[in-house]
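Multiple structures are listed underneath, in structure tokens.
One chain, chain A, links the two complexes that follow: it is found with chain B in the first and with chain C in the second.
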Partner chain A sequence: MPAYILRRFAALIPVLLTVFTAVFLVVHLAPGSPASVILGQEATPQQITQLNSDLGLDQPLWQQYATWIGHAVTGDLGQSYFLDAPVLSTIVDHVPPTLSLALIAEIIGIGVAIPLGIIAATRRGSLLDRVILNGSLVGISVPSFLLALFLLLVFGVWLRVLPVGGYEPLSSGFFTWLSYLILPGIALGGMQAALITRMARSSVLEVLGQEYIKVAKAKGLRTRVVVLKHALRNAFLPVLTILGQGLGSLITGAVVTETIFTIPGIGTLVVNSVLHRDFPVVQGTVLFTTVIFVLVNLIVDLLYGVFDPRVKLPSKR
Partner chain B sequence: MTRNVLEVKELSTWFGTEDGQIAAVDRVSFVLKQGEVLSIVGESGCGKSVTAQSIMRLYEENGSVAYDGSILYDGADLLDHSPARMAKLRGNDISMIFQDPMSALNPVFTIGTQLTETIRAHRNVSRGEARRRAIEVLNAVGYPDPETGLRRYPHELSGGMRQRVVIAIAIACEPKILIADEPTTALDVTIQAQIVELIATLAKDRGMAVVFISHDLGLLAEVSHRVAVMYLGQIVELGTVAELFSQPAHPYTRGLMASALTLTGPLTHRLTTIAGTVPAITDRPTGCVFQDRCAYTTTQCRSQEPSTTELTGDHQVRCWNHDQLPAVLEGEPA
Partner chain C sequence: MQNNQQPPPTPAAATPAAETSISRGIDRGRTLKRESRRRNLRRLVSNRLFVVGAVAVVFLVAAAILIPWFSPYGQFDMVPADKLRGPSASHWLGTDDYGRDLATRLAYGVRTSLGIGVAVAVSTTVLGAVIGLASAWFRRLDGVLMRIMDGLMAFPSILLAICMMAAFGAKISNVIIALTIVFTPQVARIVRSSALSVKEEVYVLAMVAQGASSARIIFGHLLPNIISPIVVQASFVFADAIISEASLSFLGAGVPPPGASLGSILHDGKILIFSAWWIVVFAGIAIVVSVFGLNFLGDGLRDYFDPKGGKVRVVSGIVRGQVRRLTGRLGERKPIPAAQEAVAASGGGSNA
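The block that comes next holds the complex of A and B.
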């Protein structure tokens, strides 16, 4: 098992290199230079040349690339052009809001979607099943920004029960923290919840048709035990994949939601950095989210082994 | 005279389909006597398994399945029981062994979990006591080294071992009735006889009555006391093994025998086949269900459903022409 995990980490290196190279090229080849953004329209060509040389942007592209990689290997992601702080600490500062948001969204997804999926599957063809199915179709179809605006309007503006934006850390109290995250959490997790609902439904339905479910019933187990123990454990595997991918994309893809709710997370950081041509921060953030995505998927793969004894992780070659 | 443990009367099982209600089991009646092995035989699609699973009421009554008739057990009609009461009977009074041991065990739980949960569902015992009984019952089904066996997952066992575990689960609570639904079909030939023998021995030792479903005449002749022959959802002939094998009264029974291989002795006759295939239950003909494949069909067979005729003792048949069949069928040993 440890050997397997090590190998997975080794496999991360080419992934990171590819991702980084792509981001590096996109950032550097896109029009608009950091110097002109930082210095503003009034800047003289001299000042711009000076700043470019200070930032190392006058060096050939391959040299900048090599330098950056050299530093990154030692854990130094560089200095933000704009925020006057190391990239790594900037990213770390922006992680808690995003992580909180992703977790709330995931909890909403799991807490709502899996029970709904089970209910729909066990009452297949009933009115309730159709309501859940159609509801989830709506959930998948409605873009999260629209849902976000709608929630803002209803709960933030009309009912005035929840804040319209911003973020308070957990240290200000659990309910304060939660009050800022509940609306963006629903907005972000809604589509995923809808997807998981459908996934859970079809997965449970498939398992319920298995012979061992009939055997479990023939043993005299109550329906609740048959569904929640025998069916769910098996049905959970495909759902787990979606959950893992979902958590990854919740962390990396919260840009729109964070912007609408003005949450100072990774998404906001990326948007601002791109606008400011803050190359090191953009590169660092993308690398960071790539690592998170790969890590989450590794955890999911390890969890397969926990949920399904037939999955044996290769421990040695 | 021995007591009847189960009386199935005019049982029909209806499935709702797009073409309307279809009876997969059509007015089936039989009794199961204490300690006896009753075999149900017939081709695939004859309603054997549906009959078995209807007795267990394993089909959800969610509108698409409807039962008719009665299944008397312990003085009450199983079809009248609440789902909760039915659940208490399953595994405790009436158990079932399934056809495919590969898919009958839940892949994500250990043998121990699947065995003890059955015991604990019906007996108010501690985990330790359930474990002790689980080991005991694994021993009874001839599972080597039961203690380590409890920790194993189904995929780690061979088909034969899995079927022993399935049998252990079925008999763990000492049921009065054991339904074995083609328990050897998915197994290697070498294992089949062992499993059949095991079921027969367990039934004898524990006084269980067994409903043994098979399409293998040779296999069930060894273990059963009486045989019911099913065709298209109906029992067309019912009698003791001796009666059925010496004087098969229904053309379908004769056809089955003429097409069966015997394991003992040299082959004395040309094997024959029954012409045609079992029609879909949606195409159930008026009159006799076997008319399209029968060599002795008359106009009466095409218009009127044969009534059940009592021949001798337990032997009964549903055929208009049972007394006019030639003594020996073509292809049978002369």
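The block that comes next holds the complex of A and C.
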């Protein structure tokens, strides 16, 4: 297993190198020099040249690239043009709201989806099953930002029962924290829930047809025990795949959902820095998020081994 | 051994019989093909999802074409006196904060969004097919191309698109370029894996043995045989591109004002959500209808082209793209043993 993990980490190197290069190239091939962005329209050519050499932007591209990568791997993502702070600490400041949001979304997603999936699978073909299946199809097709806007409209504007935006840290009380995150959490968790419901239903159905389930039933175990203990554990693997893949849509959704609910997280940071053309922050945030995304996907892959020991086989090759 | 006593059939005697049997076989094959095509078409039309999707898409396209024709308002016509009016007889879907007619704006928005969707779907498909086929056929390119694709796929899609929009500026052409770069890797991966399995088919080996050029094999044999997964994938890219464009424009990094796209109208609607609910609601409905329609259409097409995969999907409710991944070897056709057999046979032959 350790050899397998090491190999998986080694396989990440080319992927991350592509990610670094792509981010670097996109920003550096952009028309308009960062100096003119910082100094504004009225800057003299001398000022621009001066700032360019201060920022090291007059060096050859490959040299800038080498310097940037060297700094980036040590965690130095540069200085924000507008926020007057290092990019990394800016990002770290914006992590807690996003993390809270993702956590709530994931809890809502899994908490709703797994029971629904099991119910649909155990009552296959019933009206309830069809309602759940069609509902999940709707859930998959509705983008999270639309769901967010509708929730905002109904609960924030029409019913006025929940705050329409903003964020309070957990330290100001659990329920206050939750009241700000529940709508965005539902919006973000909705699509996840729809995906997981369908996957849970199909994988439980598949497992329920297996011989060992018949044996468990023949032993006289109660249906609940059979489903929860024998079926669910084995049905969890495909669900795990969806969880890992869903992370991408979770991040994407978080960017938009945060903007809608004005939550000061990574998504809002990215959007604001895009609008201000604050390139170091855009670059840093995209890089940071992508690295996290890649690592979490790797962890999900490795978790297969925990849920299904048969997956450990590759290390023996 | 005993049969040696009998004279072997002369070629002259065998040919007419063989010819009739071959032509009978071809006829039979054609009939079967025609029958199966008719059966598939029936299945396509009886597939409720496909029909619903097709109706939704036709409805949207019709609205996008017809409303600007019949509407007395232009998409940029500002009437300050009429601003923020709710749905009424003169403005069916209400007006926005500049007094522009929402129905007309939405029709133009659907045009823009569908246009971007088509452009992204076409360019992604062409680029993805070229990259996928190249890496499947030329093994030397495979490593490099696929590592680059992996790297691009590692980005959460909207972030890469946002990054590019930040760098190159908010313009429709840049939206198309950014989304093409974002969606190409997934098409390339699917094309590559389909092409790899076709590559092992005996008829491709036969072409290689005959000395056919790479271009002839790729465009004459590989591409035609993987066209159905490409078409299905293109329909999903179409739907995804519409959502992504809407997200980008919603964030202010897509179609710039005063141009209308579904996302930019929604963006305006969000700002006015307290005073004008109808903008968000109707723009939202337009997005949902287009995405639903295209996804259903894609599902229907998948059922049509790939009855087995489609069936699995409908029966067990597996989400799109998952079938192959989950069923793994089970769902695969069996070209590899046959190909290996052929290779082994040719290898054995040359040794002898």
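In this text, the second predicted complex is superposed on the first by the 293 of 317 C-alpha atoms of A that agree within 3 Å, B and C clash if a C-alpha of one lies under 4 Å from a C-alpha of the other, contacts with A are read in each partner's own complex, and residues count from 1 in each chain.
Note that a contact is a pair of C-beta atoms (placed from the backbone, for glycine too) under 8 Å apart; a residue touches a chain by one contact, two chains touch by 3 or more.
These numbers come from a predicted model, not from an experiment.
For the composite obtained by overlaying on chain A, chain B and chain C can both be accommodated side by side without a clash. In the superposed model, the vertex angle chain B-chain A-chain C (Cα centres) comes to 70 degrees (nearest 10). Touch criterion not met for A:Leu61: it reaches neither chain B nor chain C.
In the superposed pair of complexes, A:Leu149 makes contact with chain C only, with no contact to chain B. Once the two complexes are laid over each other on the shared chain, residue contacts for A:Val131 go to neither chain B nor chain C.
When both complexes are overlaid on chain A, the residue A:Gln210 reaches chain B alone and has no touch with chain C.
Of the two partner chains, neither chain B nor chain C is touched by A:Ala85.
Contacts of A:Arg233 after superposition: chain B is touched, whereas chain C is not reached.
When the shared chain is aligned, no partner comes close enough to touch A:Leu6: not chain B, not chain C.
Using the contact criterion defined above for the overlaid structures, shared-chain residue A:Leu221 touches chain B, although it does not reach chain C.
Which of chain B and chain C touches more residues of chain A is settled by the count: it is C. Taking all C-alpha atoms of chain B against all those of chain C in the superposed arrangement, the shortest distance found is 15 Å. If you check the complex, the residues on chain B that touch chain A are 53, 56, 58, 62, 83-84, 87-92, 95-96, 98, 100, 103-110, 117-118, 121-122, 153, 155, 166, 169-170, 173. Across the interface of their complex, chain A is touched by residues 147-148, 150-152, 154-160, 162-169, 243, 246-247, 250-253, 266, 269-270, 273-274, 277, 280-281, 284, 287-288, 291-292, 295, 316-319, 322, 325-326 of chain C.
Interface residues of chain A, counted against chain B in their complex, comprise 125, 210-212, 214-223, 225, 230, 233-234, 307-310.
Residues 14-19, 21-23, 26-27, 29-31, 133, 136, 140-143, 145-146, 149-150, 152-153, 157-158, 195, 198-199, 201-202, 205-206, 238, 241-242, 248, 251-252, 255-256, 259-260, 270-271, 273-275, 277, 279, 282-283, 285-286, 289-290, 293-294 of chain A are the ones touching chain C in the complex.
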